[in-house]
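Presented below is the structure to which this report refers.
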Amino acid sequence: MITRDLLVEILKNVADTIKENKELLTDLDAAIGDADHGINMNKGFKTVSEKLDTVKDKDCGTILKTVAMTLISTVGGASGPLYGTAFLKASMAVNGKMELDNEDIIKMFDEAIKGIVMRGKAQRGEKTMLDALIPAYEALKGSLEKGDDLSEAFIEAADAAKEGVEYTKTIKATKGRASYLGDRSIGHQDPGATSSYLILRTVANTLNQQED
Amino acid sequence: MITRDLLVEILKNVADTIKENKELLTDLDAAIGDADHGINMNKGFKTVSEKLDTVKDKDCGTILKTVAMTLISTVGGASGPLYGTAFLKASMAVNGKMELDNEDIIKMFDEAIKGIVMRGKAQRGEKTMLDALIPAYEALKGSLEKGDDLSEAFIEAADAAKEGVEYTKTIKATKGRASYLGDRSIGHQDPGATSSYLILRTVANTLNQQED
Amino acid sequence: MKKIINNPENVVNEMLEGIVKAHPQYVKRLEGLNVLVRANSPVKGKVALVSGGGSGHEPSHGGFVGEGMLDGAVAGEVFTSPTPDQIFEAIKAVDGGEGVLLVIKNYTGDVMNFQMAGELAEAEGIKVADVIINDDVAVENSTYTTGRRGIAGTVLVHKIAGAAAEKGMDLEEVKRIAEKVIANVRTMGMSLTPCTVPAVGKPGFQLGEDEMEVGLGIHGEPGTHREKVKTAAEITKDLLDKIFEDIELVEKDEVAVLVNGLGGTPLMELYIANNEVDKILKEKGIKTYKTIVGNYMTSLEMAGFSVSILKLDEELKELLDYKADTPAFKQL
Amino acid sequence: MKKIINNPENVVNEMLEGIVKAHPQYVKRLEGLNVLVRANSPVKGKVALVSGGGSGHEPSHGGFVGEGMLDGAVAGEVFTSPTPDQIFEAIKAVDGGEGVLLVIKNYTGDVMNFQMAGELAEAEGIKVADVIINDDVAVENSTYTTGRRGIAGTVLVHKIAGAAAEKGMDLEEVKRIAEKVIANVRTMGMSLTPCTVPAVGKPGFQLGEDEMEVGLGIHGEPGTHREKVKTAAEITKDLLDKIFEDIELVEKDEVAVLVNGLGGTPLMELYIANNEVDKILKEKGIKTYKTIVGNYMTSLEMAGFSVSILKLDEELKELLDYKADTPAFKQL
């Protein structure tokens, strides 16, 4: 169960993680893109963090929608609409709820991924954030189905995302700006997959600290 | 006495000298002007050299007028009309003559300088070609008056021109493009004075080789 | 990095201010937004055109706002797509009741941000259509990838679709015209120097004193390959050959030519390149109906150029000749 | 030296070819000469304007040949005044019976070559007058020197005197108008980089990574002094202060502003500079009647800009607003 307060805490921790990794994400994007992923993401989550205080007393749907709209209107580039759509679809899945159960979370995650696919028209294996997110979703779902609790399930999800990030090093980009590089993109880790992994790892960490 | 053939030889040698010193003149102009004096002069005298063959059987006036018109229509910049006018005035001073005696040469030189002053409105001491030409003219005249022969007189003229070039290093330009530099022109040698010196040195050398 | 700027963070804002102050008769800025629209927006009774993208391509896109071309231009950060909310505001500000055509260059970010804005506008009852420009023949075209980039050909789309809208064609027709231009325009570019994004502070790539980069986009990214510098004649031939590989042009075909500078190229060199373009087209018996030479779709201070060839028919010719009156493109 | 050229010796010729091929509706080239004249020259019944100078200042001067501006432009070698015979041919080709005004920038070479050509033309019975532009406030004005250089203010002389001629004023009147512009226009410029004359192959001067050159002309020569790079706001203030020292401007005065790029400056930076110009003029209560921003009087690929301020009266305003239709300056 994720309460509205916990949700806000998670999101604030995500903002901190992105800030700490701003340089890393930008450097990764410099190699195969245009060196702005860390700058873009940090601009977005910094604003998210500020906005959260104004909605922390609303329902989870509203909180997530605020995150979505903030990302959409501050990030720009490719990752802005993609993460924005992901949060928007997730918010729509939990409209009005004051806390989120496991089923809500699975639904949110599923809708988020569908939103990214709808928006970016990419599939797994194209060297994008989906290569972290889809395996993470599958791991989360599997873990919850076999009876793990949410904090355990998110550790499995983050581990799967990490593997997905490693996998992006081995493949060629066929979507996004990195695709203009053709084979020259092989060997480099995808910045968007990396930011997705970092987000999931932060969720897992927050949930696990919570339990202590 | 300068015969028409000798005149043509001198002019061809001048063209060669300018060609050899193209880089030097351009570098001098780069420092306080626009880096084209060598290029301009070489373009002009190269064409002069070609045209000379078509008029070498004409009188000295016609030969010099051809030089003048060629310089006017090929050199451009400041030095084109200045040297062009100089040769034009010189040619007018010796119209119809098949050879030039000392008096002709003094008159030509005098008229040439007057033409430059008329056209460019500069005086001695403004860091222009006049700072080489006027002392050279005075030296030539003095030398001939004290009975030297023409080849000796041109050595004195060239030496005086050389001193004039050195003098231009010590003064500030108040005419021509270098004047925009103000005091920053001090310390640099004037390109036009240098080309004037080179021309006079070539006349001197040709006359002296002639005698051997 | 040497630039005539105050603060790298503030270049887009100050530039937009400078544009509005220079051309108040043409454009106004939407308060608090990086959006320029026609001074008399919304223009009733005509389809409106909205374009835009990252900044750094000036005069694109704000310079083309005006009669006969764009109604609105949205400016992102340097080389970064603008966000949907800004684009949405632009759409609302220019819609004169006949709908809005979004002119999008084919970059993942641009496409997504503009289309999201379009969805938001449609949700408010505004008719919206879009076209996606992909004129860069340097990149292989493929349905399995993001496809080709949109580069200088965009200017011709603005000109011709803008004329169609000005003449009173409806949204569907304006979109058809824009798509016809897109289907018939091809561009290929090269550069002699990299460029420096103000916020980054160092050039996007390095080039040797005798090297040039060929087949490049307009975001300071490297091109498809690097070569030793060649003559204007050789370079132009290479660029055109790549274009000819991609679009069939036969004797008597009529084309428009855009020799586009990337920002740091002197006009002298662009005209020398145009002289070569003209020779090559004449040799092939292709008729140049109109030539445009200048800095229209730039990459900051990059030195280099692109050639765009647009195959014309009677309809496109008429629209190309139509009056335009914008800060950066005027035609009487 | 990296340039999009074929042969340094041939840049002027090929450039002129490229211009004619791009703009045949505007200009034609006099056979065998480096002279561009209006496609319909000579225009009967109006005073003709002939300008020109060294090449490397594109779009000056050929780009301003057309209705409402010049009748002929003579192109010398890069940064070298053209020769009198070429100017003479230009005068003959454009004279429509009402006489010819020579628009000369104050450089020893330009003045001498144009005036020699004027003398030749007068000898053939053509009415000729001339004006000498000296708008550059970087150089001290003095009767003991060559005086100030003519730089970007020239564009405004072309525009306004061109309009006067187009409106049918006689030679004396057109000359009076040109002289009024000259008396009221001041320019000051700076650069971040040098430029390279093709035939020379190396830059005219060297600048450090944090240095700029201030008070410079348009021939790649160094300026009056060198400074550490400053912000756009500081630079613009310095340039305007120098102009204000030289021409009295009081509250409510109306001016035209030209923010002129030197060839390699991205438009983004020119607009940022314009934003600063506008702030300073507003602070002084001076009214900006018209602003022109772009590359109009360039020095090859030099990065930098100049600001020109022209104090206006009713007569000049009306002429400034007059229609112009040339390759590089159009006004509907």
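Note that the chains take the letters A, B, C and D in the order they are written out, and that residue 1 is the start of every chain.
Criterion: a contact is a pair of C-beta atoms (placed from the backbone, for glycine too) under 8 Å apart; a residue touches a chain by one contact, two chains touch by 3 or more.
These numbers were taken from a predicted model, which means no experiment stands behind them.
Trainee: Steps needed, at minimum, to get from chain A to chain C via touching chains?
Mentor: Steps on the shortest route: 1.
Trainee: Give me the set of chains touching chain B intersected with the set touching chain D.
Mentor: Touching chain B and chain D alike: no chains returned.
Trainee: Tell me which chain's centre, taken as the mean of its C-alpha atoms, is farthest from chain D.
Mentor: Most remote chain from chain D, centroid-wise, comes out as A.
Trainee: Quick one: chain C and chain D, Cα centre-to-centre, how many Å?
Mentor: Whole-Å distance between the two chain centres: 29.
Trainee: If you average the Cα atoms of chain B and of chain C to get two centres, how far apart are those centres in Å?
Mentor: 55
Trainee: At what distance in angstrom does the C-alpha mean of chain B lie from that of chain A?
Mentor: 80
Trainee: Could you please write down every pair of chains that are in touch?
Mentor: Pairs satisfying the touch definition: A-C, B-D, C-D.
Trainee: Along chain D, where are the residues that touch chain C in the complex?
Mentor: Of all residues in chain D, those touching chain C are 2-7, 11, 14-19, 21-23, 55-56, 58-59, 63, 192-193, 209-210, 212, 229, 231-233, 235, 259, 263-275, 278, 288, 291-293, 295, 298, 300-301, 303-305, 323, 325, 330-332.
Trainee: Going by the contact rule set out above, which residues of chain A touch chain C in the complex?
Mentor: Its residues touching chain C are 34-36, 39-40, 69, 72-78, 80-82, 84-85, 119-120, 174-177, 179-180, 182.
Trainee: Once bound in the complex, which stretches of chain D touch chain B?
Mentor: Touch residues, chain D against chain B: 54, 76-86, 107-109, 112-113, 116, 138-140, 144-146, 149, 197, 199-200, 204, 217, 219-222, 224.
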